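Think of it as A, B, C, D and E in the order they're written, each chain with its own count starting at 1.
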Amino acid sequence: MDALIALSLLAPLLVAALLWLPAGRAPGLRLAPWAPLPALVLALAAPAPFELDLPWLLFGSRLGLDETGRVFLLFTALIWLAAGWFARAWLAHDARRHVFAGFFLLAQAGNLGVCLALDAASFYGFFAVMSIAAYGLVVHDRSAAAWRAGRVYLTLALAGEVLILSGLLLAAGAHPLAVACLILGFGVKTGLPLLHVSLPLAYAATPIPGAAVLAGAMIKAGLLGWLRFLPLGEAALPDAGTAMLLAGLLAIFFGSAVGLAQRQPGALLAYSSISQMGYIAVAVGAGLLAPGLWPLLLPAVVLYALHHALAKAALFLGLGVAERHGATHWVLAGLALPALALAGAPLTSGLLAKSALKPALAGLPAPWGEPLPALLALGALGTALLMLRLFWLIRRQTGQPAAPGRGLAAPWLLALLGVAGLGAWLAPTPTWQDALEAGAALGASWPIAAALALAFAAVRLRLPAPRIPPGDLLLPVERMLAALLQPGRPLPPLAAPPSMLPPPSAHPARVEARLRAWPLAGMLWLIGVAILLALLAR
Amino acid sequence: MSRAVAALVVLLAAGLAAALGLAMLDLPEPAVRLPARVAAKLGDSGVDHPVTAVLLNFRAYDTLLEVAVLLLALVGVLALARPHAARAAAPAHPLLQTLARLVAPLMVLVAGYLLWIGAHAPGGAFQAGAVLAAAGVLLRLAGLLPAWAQPGLLLRGGLALGLLVFVAVAVAVLGQGSLLQYPPAAAGGLILLIEAGLTLSIGLTLAGLYLAGTEVEP
Amino acid sequence: MIDTWLPVGVVLSSFLPGLFIFFLAESRIRLRTALNLIGALAKLALIGVMLWGVLNDHEYVFRHTVLPGLDLVLKADALALLFVTLSAVLWLFTTLYAIGYLEGAPHRSRFFGFFSLCVTATVGVAMAGNLFTFFVFYELLTLATYPLVVHRGTEQAMRAGHVYLGYTLGGGALLLVGTVWLYGLAGQADFVHGGSLAALPPETAGQLQVVFLLLIAGVGVKAALVPLHGWLPLAMVAPAPVSALLHAVAVVKAGAFGIVRIVYEVYGVEFAQSLDLLTPLAIAAAVTIIWGSLRALFQDDLKKRLAYSTVSQVSYIALGVALFGPLGTIGGLVHLVHQGIMKITLFFCAGNYAETLGIHKISEMDGAGRRMPWTSLAFTLGAFGMIGVPPLAGFVSKWYLGLGALEAGMPWVLAVLAASSLLNAAYFLPVLHRIWFRPAPSAWPAEHIPQRGRWETAPLLLLPPLATAAAILLVGLFAASAFSPLDWAKLIADREYLQWTP
Amino acid sequence: MSVGLLYALAGAALVAIGLAGLLLLPQLLRKILAFNILGSGAFLILVGLGQRDGGIDPVPQAMVLTGIVVAIAATALALALARQLLDLSGRMRLPEDGPDAGAADD
Amino acid sequence: MTDFLDPLPWLIMLPLAWGTLAFVLGPGRGGRLAIAAIALQGLLVLQLAGQLLAGGARVHAVGGWGAPLGIDLLADGLAAVMLLLAQAVALPLAIYARGYFAAQPKGRELFWPMTGYLLAALNALFLSADLFNIYVTLELLGLAAVGLVAIAGGQAPVTAALRYLLATLLGSGAWLLGVALIYGSYGSVSLAILAPLVGADAPLAATLAAALMLAGLLLKTALFPFHFWLPPAHGGAPAPVSALLSALVIKATFYLVLRLWLELFAPLTTVAAAQLLGILGAAAILWGSALALAQTRLKMLVAYSTVAQVGYLFLLFPLATLVPPDAAESAVQGGVMQAVAHGLAKAAMFAAAGSMIVATGRDDIGRLGGVGAHLPLTLFSFGLAGVTLMGLPPSGGFSAKWLLLRAALETGQWWWVAVMIAGGLLTAAYVFKVLRRAFLPVASGDRVTRVPRTLEFSAFALALAAILLGLFGAPLLALLAVGGAA
């Protein structure tokens, strides 16, 4: 099992190293898609709680799996596998595909490592490797949009890293600010409001397989950070909990609303992610608010993560398939599955996840316990609308296949299978039962129905879709920064470097020449005698 | 500036003189009385004249260094005298030449006397040497001596003889306990030996200061 | 007997070859190279022996009385060996690099002579057993580095040399006054754990504070504490190996090391704390960290940007020292080593770009990663290390500094660290971006060394940065292993704090 | 006031005269002569003070003899230098002591 | 037999003898003889030092009479240190001079005799315990020095020599006046006899004598503002001469100031007078350094550096006068150490400068390019000497500065600290002004020729000695302590 852990982490790294060497490019590209296989095996085969101590690594590392970690590793590995497989076909004619693969594998190693890390330092280490390597995915297209997305992504990611590091250190010192730092730091990755601006840009700019892992797997690493490092279930932190809960709610609605105003499917999906992660933030916030509920909340959160990760990855891959093959019926049918899942339609993992969440949230004290389920249901309406809007966009935009797309279907299918099966397999039985209740099904269906109605009305009435550029709040900030900082303009020097040489002046030399004249020199000497006489005589 | 400075210099010099005068008028009785000590030790000095005794015995070391100073001055003057083509001696008046020929031997004789008398009365090597040098200058003025911007080996030996003898004697008597500590019995003879050497060298040196110093092309 | 002479041997192992090299004819390349390498390897061997001894609680002390009450003491304790080992190892790499870098350049004998002297001074600084000895080698360092700074002989180099001298000699003077004053107050005292001043009568406290200021200002010049840092960015006109050595090991590190010694082993950290000296030091370091980073942001000249980065990074060491408690100590000390490895890599790479392609400015670096992937890889590791990306060296430092800040009850330091990391990223990542993601221009500014087979540049230029870059990764990744810099720093901190922890 | 003291006072006056001359006279020959006057004054003081109570003191006399020889040596060297300077520059004065040239100002 | 080998008289007679012999041998001859003899003198000094360390200060009564009738030679620690310095500087310089005059024959004819007399005068001066005898040695020294300055001929050196001669004669004249006054007051000129007689209630004559003698010595030591004669004289002479003069001759008069101040006239000294000397010293440091920095000729720069360095010597007076004995001892040690260190370093610096001038064919700082490449050892020597002058460790100059600083801080006279620090930095400025030029490549049209090895190595030996002094200064201080002068 130790060897398997090592292999899980080393496989992507070794393949990446192979890609670095010119001679290793071809074999490396062949091997790249299969790099997450050891991790997948590990996730499936490892005994649930198991640990591996590596005292010589970093500050003494501990790798291993607990239940949470295992689920995360499972879906993470699966998504990376599907995306990697997909990428081989997607980028078959890209001259820089080895570069993409390199970053892809590095980010993958980081992401898998995050799932396996059981101590702060190594978690942070893997997290950072993942975040930074993903920059290479975001800017792969080298287009202006990609550059901008990359810049924004990286800035926020680094701010997040710094916050996380500060948070981890503060937590080690049991400092009250630790929780805030951690929430915000990982919140960058999970797209908390205000920290979310990089997501739409990045998802839209990244090539499809990259976007799939970003939106599916990597975003969940932020969640895992919360789960690992926030004192969930241990101490009640009403302030932090409330803030997070509110932020989550805001994200749910804000994400849906702005998402509807998007023109690009990628950006729309990003806002959907923001919205979906809002649910999770609400749950985590609830956990902070009421530690007693956490044993109930944790499985729900994990399940929700799994569901959203797979669904979002599948949606992105489907987006790619639609782009290359055109929006055929089969493709649209395939897309419908994750879309419905996201909207929480009956018989989907989405409903399962939401069913798991609801009872736990309902246990919250006032003023949350009552209104929360209703608000969440309203959120589901937003999600459903978003999905409809997505279909609309896909149909409109992908009229002609842009490039031949052989070999894309199989990995997509793998992802769809995951969406269909994995949630069902892993969900605890009571959740199943809740979800299968008729009331639940009905409750889950009405938002979809309402959404359909609204959409129909909107199309009929030719309501102009509002238009909000991806990144929404980013634009004014960017403008302000551009005005403030013009890179390349040097700051004025603090102080002029001191010059050691006095300016060459004839003056001392002139004085010197005068001193040489006998009358003056002699006079000075006589004065010297006189002064000495005066001073010596007491 | 210069006038004011000059005035101030004069003033200060006068002030110095005044201070010197004041100081001299307010002298204490000397704590040490050297004349008495000189008189007491005169018998051991090897000479009868107290000044000569001080010069060549009690403070002979001063004299030794002083001889070195004199020779050094000549060395300095010689160093300045660039080797110009020696000017032919200017023809002098025949009367001067004759007179010089007559007087020079006499002056040598006088020098010898002064040297000998120095042990008892005013006189001694310096006086004798000065007379010798005067003879040399006289001969030179009469055109009877060649110029010597570049003294030969013999001449250099003569110039150095006095100092070398002095030094030799000074260290030869080290066995007595210290530098220039003449054995009481031999003191008179040694002093005479030194003075003899000095007379020759001082004569040559003083003459040389003149002779070398004049040998410069205008 | 041998115990006494081992430290001397370490000093001489570069001093003697250095002297000899001065007088070698330019053309004696083989002999010169052999001398250099023999010296470097001999030094490493001697250090190896002492490392083993010190680990087993042995101390190597050489003592020579210069004047009554004034001893020259060379002492190899754990702290000294940390720095000595760093210097010796990096010297070896830099020598190799310099051999490649200066191939065919004039005045190589002089260069390598002073180069060796420079390292001699550095190991002297490291092993100085008291403040006087420290000062001796500190000044020697100034003198040995000046010719290296002005080596190119251009007007710009001369001016930089001028400024360099002005600053460093001025600093030396302050250090001297402080030292003399302290000797007058307390007599001669060796560096000892916990310092030697706590026993002085309380009425001397005011004087001790002034002396502390003098001493820190003195060493702060070399450590480039703001506002004493003005020389450093100018000094980057020196040839790349010199900059590498200057920024990584020799000069700035000597200053930083001086701060370590003064705080821990002259004043004693507890006593310094009781005199309220640590917080101002921490503030000075923090200001330097931020200011250096801000200035770095606006430099287009690559080496200048690196220089300002040094200003910022070296103060991490001072910061660690100022954080009262073993964790801060560990952070500062380990950064002493880590910053060295990282910065030397960066300067090696900067030198490679300049020598191979004629790239001096960041705006010229577009696509350099394509042409020089290995150099760029090393550069990337160095830059990420500086930012503090795990599991690289810089991360380890920052981690412990952060812990130390909390331990010392100065959580505001975390904000400084965070801001600095962001600024580091802000000035390094654009460089990386250009290297890796921008298309290469049709022609390089001045391609001196053409691609030869697999070698993107001369082998001696490429291998040293790759080795140090690997070290960046390894010291971070295996920080917890035995004999890692972190491990050694912990050993020192253990010994340092045992003395006074009740 | 003894004769010796009178000599000494005269010596003090000579010192002042010599000093002023040495410092103020630009012409070198005069300077050198002034130095000799200064020296003579010092010798007078030395001998005069030694004998201020009337008795003869051979020690200062011997010293003065020595001193005179030394002064001769110095004067000779000074004259040789001045002569050399005259030959080289055509002037009998040091450059700092006034700009007017010409060997004529003796 | 032991009397016969007593080093004291031989140290004086030997140079007199070889100087005279060199004169007899003829123009330009006697170099080898001189070197051998100076080496012998060196051994004698070492023997003397050994004797002193073992048995304390020694008196040698010339003629066997003893003071006050005769003249005494006194060898105490201070004298021995100065003697050591003189021989240590003279030996390498003699070797240097042989090579130098082979390359640059101007002035070689009578160099050796004059040097012999110069050394005799120095040794005699250091050993003399008799005020009038000191006068004679001063004159011997002065005339030898003046002769050496003029030795190469030419208008500038002759002018400088004449100026120097007049200045030094004025100084000796003042000394002689003082001697006359002292003799008139006390009836003796022996230091040993006089020391107990001079007290705080000394007559005006004694005070006036002290003022005159000290002022005369200051003039001869070229303390600011009485330095006017020094730069042209030291800067214009041939290099070995400049080295001898700067290293030794002014040290001799400084030595006398020290002796008078600390011993004979100690009861007369006041804090105010000491501060005056210190202020003049400080002014010398600043003024000399500033002018050194402004020079374009290498040797003039070095000469002005001497003006500045002399200033350091005089800082010891405020630090040693009427202060606690600890500080005073430290100050005197520092002052003497500075004298020794400066002697060695300045000799090295002038020697190195001479080599550079021989090699480049001109005395121009702006045209030193290529020296670093062609004469590395010489430049290195110059640099090492500069290190000592700057007071950087490890060097004699540093040890001196250390001791002086310690005294200054112990006595709370922080303003001297500032002066010393500023002086060190200014020194660095002018030393590096030379070094940085020398590092440059040869300017087009210039050429740098090789110089004889002996030139390079002798300069290096001197510079190295100045550095080693910093590492092994303790024995020197132990020697200095003999006899309680310090």
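Everything that follows uses one rule, which is that a residue touches a chain if its C-beta (ideal position, glycine included) is under 8 Å from a C-beta of that chain, and two chains touch if they have at least 3 such contacts.
The shown structure was predicted, so the numbers you read here are calculated from the model rather than taken from an experiment.
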* Can you list every chain in contact with both chain B and chain D? -> A, E
* Return the chains common to the contact lists of chain A and chain D. => B, E
* What is the shortest path, in steps, from chain A to chain B when you may only step between chains that touch? -> 1
* Which two chains meet at the most C-beta pairs? -> B-E
* Greatest Cα-centroid separation from chain A: which chain? -> B
* Of all the chains, which has the CA centre nearest the overall CA centre? -> C
* Asked: In whole angstrom, how far does the Cα centroid of chain B sit from the Cα centroid of chain E?
  -> 29
* Structure fact -> Between the Cα centroids of chain A and chain E the separation in whole angstrom comes to 78
* Please report how many Å separate the Cα centroid of chain B from that of chain C, as a whole number. => 71
* Asked: Could you state the distance in Å from the CA-based centre of chain C to that of chain E?
  -> 42
* Asked: Considering chain B alone, which of its residues make contact with at least two other chains?
  -> 6, 9, 13, 16, 19-20, 24, 27, 34, 38, 58-59, 62, 66, 69, 72-73, 76, 80
* **For chain A, residues contacting two or more additional chains** => 500-501, 516, 518-519, 521-523, 526, 529-530, 533
* Structure fact -> Flagged in chain E as touching 2+ other chains are 132, 136, 139, 143, 146-147, 150, 153, 158, 163, 166, 170, 177, 181, 183-184, 204, 208
* Asked: Of all possible chain pairs, which ones touch?
  -> A-B, A-C, A-D, A-E, B-D, B-E, C-E, D-E
* What does chain D use to touch chain E in their complex? -> 8, 11, 15, 22, 28, 31, 35, 38-39, 42-43, 45-46, 49-50, 52, 60, 63, 66-67, 70, 73-74, 77-78, 81-82, 84-85, 88-89, 94-96
* chain C residues within the chain A interface of the complex -> 162-163, 165-166, 226-227, 230, 234, 291, 294-295, 297-300, 373, 377, 384, 387-391, 395-396, 398-399, 402-403, 405-407, 411, 414-415, 417-418, 421-422, 425, 429-430, 433, 436-437, 439, 476-482, 486
* **Sites on chain E touched by chain C in the complex** => 333, 372-373, 376-377, 380, 383, 387, 390, 392-394, 398-399, 401-403, 405-406, 409-410, 417, 421, 424-425, 428, 432, 435-436, 439-441, 470-474, 477
* Structure fact -> Contacts from chain E onto chain D in the complex sit at residues 132, 135-136, 139, 142-143, 146-147, 150, 153-155, 158-159, 161-163, 165-166, 169-170, 173, 176-177, 179-181, 183-184
* To do: Please give the residue numbers of chain A that touch chain C in the complex, ascending.
  => 20, 55-61, 121-122, 124-126, 128-129, 132, 136, 139, 142, 150, 154, 158-159, 161-163, 165-166, 169-170, 172-173, 175, 177, 487-491, 494-495, 497-501
